[in-house]
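Here it is: the structure, laid out below.
Per-chain numbering from 1; labels A, B, C and D assigned in written order.
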C-alpha cells in the first residue's frame, strides 16, 4: 500500500523535504564530488544540499580547529555540550540529542503521556501519517486526529475530545497533545500562533503535556520574527531537526523540562537510537546554527524581491502558501521547462525538473544568499528566453 | 476524567442500555425478590429485566428439564452445542462464546487485523468510546474513526483512509473495519444497510477484514425484517450480545470463519476470559433465543399502535429516531412526571423517572407483550389525569 | 505446540484441578442431573463437584432466602458487599471481583509493576506457564523465572536478579514479584513460609510490589493452621479462586491496598472482564466461604486417618507430597483398577480411573466429610477384594 | 537501579568494549587532536580507537578518492552498494544497514518470531541484559533465558523449553532463538560451534527462526579460521557491528533472507532508525573491512608471541579465557601499576589503568600490528623495571 523502496527514494529526492540531500539523486550522482562547488544556488530544499566532499572537508576542518571531546554512545563530550547549548537557546531546562526526528517526536509523546494513553495530534502531521503508526504500535498510544486537512485545530475541538473521553464507560485520559508547525504535508503552512497559545494554556490547566514538532521551526522564525525560544515557551517539549537546514546529515534535538527528559537516554537506547558516536553531527549542526536565522532572513528578503520581479513575467506564475513559510509554487507557462532547468544549471542555479504542466515547488534556503534578487531574476528571464 | 464508580452505577442503571438489569437499582432493591412478578411491563431497556428470583427459578427449571452437559472452561458440553447453534443461525462456519461484548469485539478486530494494524471504526462506536482504548492499549491497533457523530460512513471515506495510508513514508496497512448497528450512542440508529453492503464488498476486494458489532442485531431484525443471518452475511465476523435481550446475565457470541476463530479460545484465555463454567448463560440465552424475533415483532406492532394513540394526547410528545429501532423519546408536558411514574407503577407498568423537562427514553422489549396497545394507552391517559 | 481443544478438555477434566467441575466430563454426562446426589464422596478435586441441578437449586434457594441486590457490570449490589467481606477477611483495604484467576493475577502484576517492567515469578507458576504469556504479550512485562522446578525461590536468587538488572546498559527495574502457594504444577506443594516472609520483607525495603497467587490458599490454611489473612499480610495483593472450592462456577477475588486496586474496575473492563452480572457467583461462593477452613480441617483429619489405615494394605501405596497440601498419590498394586473404581462408585465414592500402573492423584475436599475414615477404608478394602 | 549517566560514561570508556572510542575519555581529552598519532598501540579495545582528526581526515580522503553516491534515509547510493557487499560476504540473500546493533538484534528477533512470541536467548546475552528489555517492552516478545552464566546452551535445554511451552494451558509458540558469539559479558568467550550447528539444525526442523548476534564475529574468525560466511550459514539472520572494529562510529549490518528482511526498512523507520544519511559510515567501515581478518590474524600471532614471552616474567601473570577470543587478563604483581602505564604511554603503548590488585583486560586489535612481539615485550620489561 505504502510507497515501494524505489518510489520512496525518488519521491524523497525531489519533494524539497531535504537539507543537504535536497538535490535529486540523479543530479548528485551526475555531478559527483568534483562537479558542484559551494557557489551553487539551490532553489529547492530547506538546507544547503552540501555535496559529500564539501561536508567532509568542513567536518575535518571543524575537528582540527576546535579540538573534539568525543561522546560515548551520545553521552558526554561534544554531545553534552551541544545539548546544553540547545537547552539555553530554546529556553528549556535540558535537551537530548536524537538520531532522528521520528524518534524525537515519539519519545516526547511517550514520556508526556505516561499512563494517560490518548494523544491529540493534527490529522496532517508527520507523526500521524509518516511513522508507520510508531506511537500506536510500539507505545500503545491512541492518537486522536484533529483538523482534517488543515494546519490548525482549535481549543473547541480539543474540548470536544476531552468531553467524549470523559463520557466513555472505561476511564481513559488525554495525556499529551502535539502541534506541528510548519506543516510539511501542507507545504510549510504554520499553525495559527494565537490559537497555539490558547490551546497550550488550556492544556496546561488540564495537566495535558504539550509537544511542538518544530522540525523546521527556525525557518518559521525567519519569516515571523518570533524567536525559536518564544515559539517553544508555551510547550513542554520541542523537537528541532538538525539535518534539514543545519546540514549535519543526521540528528535531532528534543528540549524540555528535566522531569520529562532526564533518563530519556535509556529509552533512546531501548529503541536502538544509541549511536556509538554523535560528535560529527554536533560539530556540523553547531557550525550552521550560529547566525542561521539572520542568514535565512536575508535569503527571505532576497526571495521576496525575486518573486515580486518574476511574478510580472508573462510566462511565470508564483503561488504563495497562505500563512506559509519558505515554499512557493512556480509555474512555467508555455515554456520548454527542461530547457529552462538546463539553462539555469549552466548558471549555477539548480531547480528541480517541473512536473506536468510546468509547476515546481521552490524552497528558500541559505544557498539563495549566493546570488542576488536581480541576478536571479535575470537568470530566469534569460533561461525562459 | 471518566465517570466515577458511583456515577457509572447510576448512569448504567437508568440509560435503558440493559437487559434484565434494565430497571434502576433503586427500584430493583425496593421491590426485592417478592415485590415484582413477571407480569410487569418495562417501558425501557432492551430485555425482560428479570428479577433475580425469576432468573434463578428459570435456570433451575431449565437445568432439571433438559439435563446439562457441563462445559470445562467454556470448552465442550452445553457451550459447544450452543456455539454450533449460533453458527448455524448466523450462517457462519463457527462461533465462540465470550464473557463480554467488549472482549468479542476486541478479539475479532485483533484477529482480522493480524499484522496490518490500522482498523477503521465509526467515531460513535462502542469500541472507539467505551472500552478504555483496549484495542489500542492491549493489541497495538490504530483505530481510525470515521463519520463523526453519524451512524453511517461511506465507501468514499474508506477510500480516503486507504489513500492516506498509502501515502505515508512508512508502510502501514488497514487490516480490518468495524461497523456497529444499531448504534447505542445514537439511540439505536442503524447503519445504512445499502452502504454497509457496498463497503463490505469493497473491503473484501481489498482484503480488509470486516466485523459487525451487532450487539442488538436481533432488535434491528424485528424492525427491518432482515434476518440476523442476512445482516451477518457480508461480514467476516459478527458479535451478538447474550444478556441485553436474551436475559442471560453474562455472555456474547462471536461468529465467523474457522480461519479466524479456530484457536481463539487460547486468546480468550490469555485475556482472562476463561470462565470456569458457562453453561448457565447458554441455557438461559438459548431459552429466550427461541422465537425471539417474532415475539419482538409483536411487541413492535403493539408499541407502534400505542405511540400512534398516545401521540395525539395534548400533554404527550413522541419523538422517533430516524432509521432507528426500539428507542423513542417521550415527553410529558406540564405534567407532574413523578406522579405519572407512580401511577403507572401501580398498574404494573415501569417507566424511568423523566429527566428535567419531562423527557424519557422508552425502549420496546418483550415485556410489552404483557399488555396491549389499548391498555397501555389507557394506563397513560389515566396516569396523566 | 500446546494442547488442542480436545486434549485440553480431556486433560482438564481428569487432573483434579477443578472444583465443581472436578468430575471427568464423561461421568458428569453419564449421571446427568438425576444420577448423582449430594452424598457422593469425590476423592479428587478441590471442591464439591456440584452437579448442575444441585448448583441451580442452591442458587435459587439463596436468592429467595436472602433477597438480592443486583450488581451492574460487577459494580454495586451483592458484588460490592462481597468484596467488602473479602477485604475484611484477608485484612486488606479493599477487594475486587474478577471473572477469572488468570485476569486477577495479570492485573495485580500489571498494577504493581507500573512502569518498572521486570517481574520475578516462580518458574513453575501458573502465570509463567499457563496464561499464553498474557503479561508479556498484553502488558509488555518481562517475567523473570526463578527456582527451576521447585516451589520456593530464595532471597539470594532475588538479589542476583536485582544485581544483574542493575548492571544492564539500559535502566530497567524490577517492579513486582509473584509467589504462588500452593503450586498446582507441583501437586500442591507450598512455598516455604519463612522464606516467603524474608523475601517479601526484602521486596518491601526495595520498593518492589508483591503478589500472592493464593488460588488454593484456604486449602493451605486447613493444613498449616496459618489463616488466610496471616498468609496475605506480607504481600501487597493476594488472589483467591472462588470456583475451585467455593463452588461458584466462575470468579476470583483480588485483595490489596486502595492505591493499587482503586480504579481497577476500569482495567477489568478494558480487558473485557466486565461481566454484566456477577451476583450469582457472589451468592454461592459466599455460602461456601462460611466456615470453609474448619470444614476442610475436619476432612483433612479424616483423610489422614484414612491414609494411615489404608497405607498398611498390601496392595495399596500412598505417596505424600513433601510440604504439600490436599493432594496425595495412591497406587493400586496388582489390582484390576477399573473394577475398584466401579465398586467404589457403587458405594457413592468417586475416584478417577488410575493411569497406567494403577496410580491416581487423590484430592481432599469437603465431600470427604460425607463419609468417615473407617467407612472409606472399608469401602476400599472391599473394592480391592 | 541501573547505572547513572555518569557511571555509564565512565564504565563504557574503560571496559574495552569500544572501537575507536576505546580509549578512556580522559586520555582522549588530554591528547586532543594533535597529541596522539596513528602509531599508537592500543592494548585494549576491539578497534583502532581512531582520534577524531584521524577519522575525519580518512573520511574526507575516502570521499574525494572514490566519489560518493549519497543515500536518502539509508536507501540507495553507497548504503545500497554496501549492503550488497555484505550480503555477498556473509552468503545471505540481502543485508540491511542499521544505526545500532541494539536495533539490528531487536528487529531480527521481531521479524523471525512474528506471531509466535517466545524467543530463546542466552542468559548472558546483550539482548537479555543490556537493551532495557526492548524486545519485551516494544515488541511484546517473551525472552526465555538459557545457560545461566555460560556461553553455550544445549539442544536438550532447547527441547525442554519446547516441552514446557507445549504443556501450557494456553497455546504459545517459540518463534525464534538467538545465539551470541563471542559473548561480551563473558570476556569474549565463544558459543560452542558444534553445539551451535546442532541447535540451529534442530530449530530449522521445528520451524524456529535463528539469529546470530555476531557483533564481534570477525574477531572470532581471526582466532578460529572459520570464515564469517561459514559462521553465518546455519543461521537465518546475522548481525555484525560496524563501529567496534571497522571504526565507522555508527552502524550495524543485519544480513539474511529476503523473506525476512525485505520491507524491513519500514520497521527501521518506525523505530526511528531512519538516519537521513548513512554513507559516511559505509565508506569508513568499507575501508577497514578490506582484509580485516587477515590483518587481525597477524595481530593475533603477534599477541600470542608476546603473551608467551611476558608470561615468564616473574612480576606478570597472563590469564587466558577458555574458548575465548581477543581478550586476556594481565596482572602486574607487586608493581607500581600507574608508573608502568605512564612508561608504556611514553613509548606509544596505551594500556588502561589496572584496577585494584594490578589486573587489566587486554584486547588484541589491529593497532597491535604497529609494533612487534619482541618490541612490546621489551617495552613491558623496561616499564616494569
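The rule we apply is simple: a contact is a pair of C-beta atoms (placed from the backbone, for glycine too) under 8 Å apart; a residue touches a chain by one contact, two chains touch by 3 or more.
Just so it is clear, the structure is predicted and the values come from calculations on it, not from any experiment.
Visitor: So if I look at the partners of chain B and the partners of chain D, which chains show up in both lists?
Guide: In this structure, the chains that contact chain D and also chain B are A, C.
Visitor: Determine which of the two chain pairs, A-D or A-C, is joined by the larger number of C-beta pairs in contact.
Guide: Between the chain pairs A-D and A-C, A-D carries more contacts.
Visitor: As a quick test, compute the distance in whole Å between the mean CA positions of chain C and chain D.
Guide: 48
Visitor: Distance-wise, how many Å sit between the C-alpha centres of chain A and chain D, to the nearest whole number?
Guide: About 35 Å separates the centre of chain A from that of chain D.
Visitor: Could you work out how far the Cα centre of chain A sits from that of chain C, in whole Å?
Guide: About 58 Å separates the centre of chain A from that of chain C.
Visitor: Would you mind listing the residues of chain A that make contact with two or more other chains?
Guide: 2, 8, 12, 131-134, 137-138, 140, 169-171, 266, 269-270
Visitor: Quick one: in the complex, what on chain D touches chain A?
Guide: 2, 5, 8-9, 12-13, 18-21, 25, 28-29, 32-33, 52-53, 55-57, 59-60, 63-64, 67-70, 72-73, 75-77, 98-100, 102-104, 106-107, 131-134, 137-139, 243, 249-250, 265-267, 269-277, 279-280
Visitor: Spell out the part of chain B that touches chain D in their complex, as residue ranges.
Guide: Touch residues, chain B against chain D: 114-115, 140, 169-171, 263, 266, 269-270.
Visitor: Quick one: which bits of chain D touch chain C in the complex? Just the residue numbers, please.
Guide: Residues of chain D touching chain C: 1-3, 8, 12, 117-118, 129-134, 136-138, 140-143, 162, 164-174.
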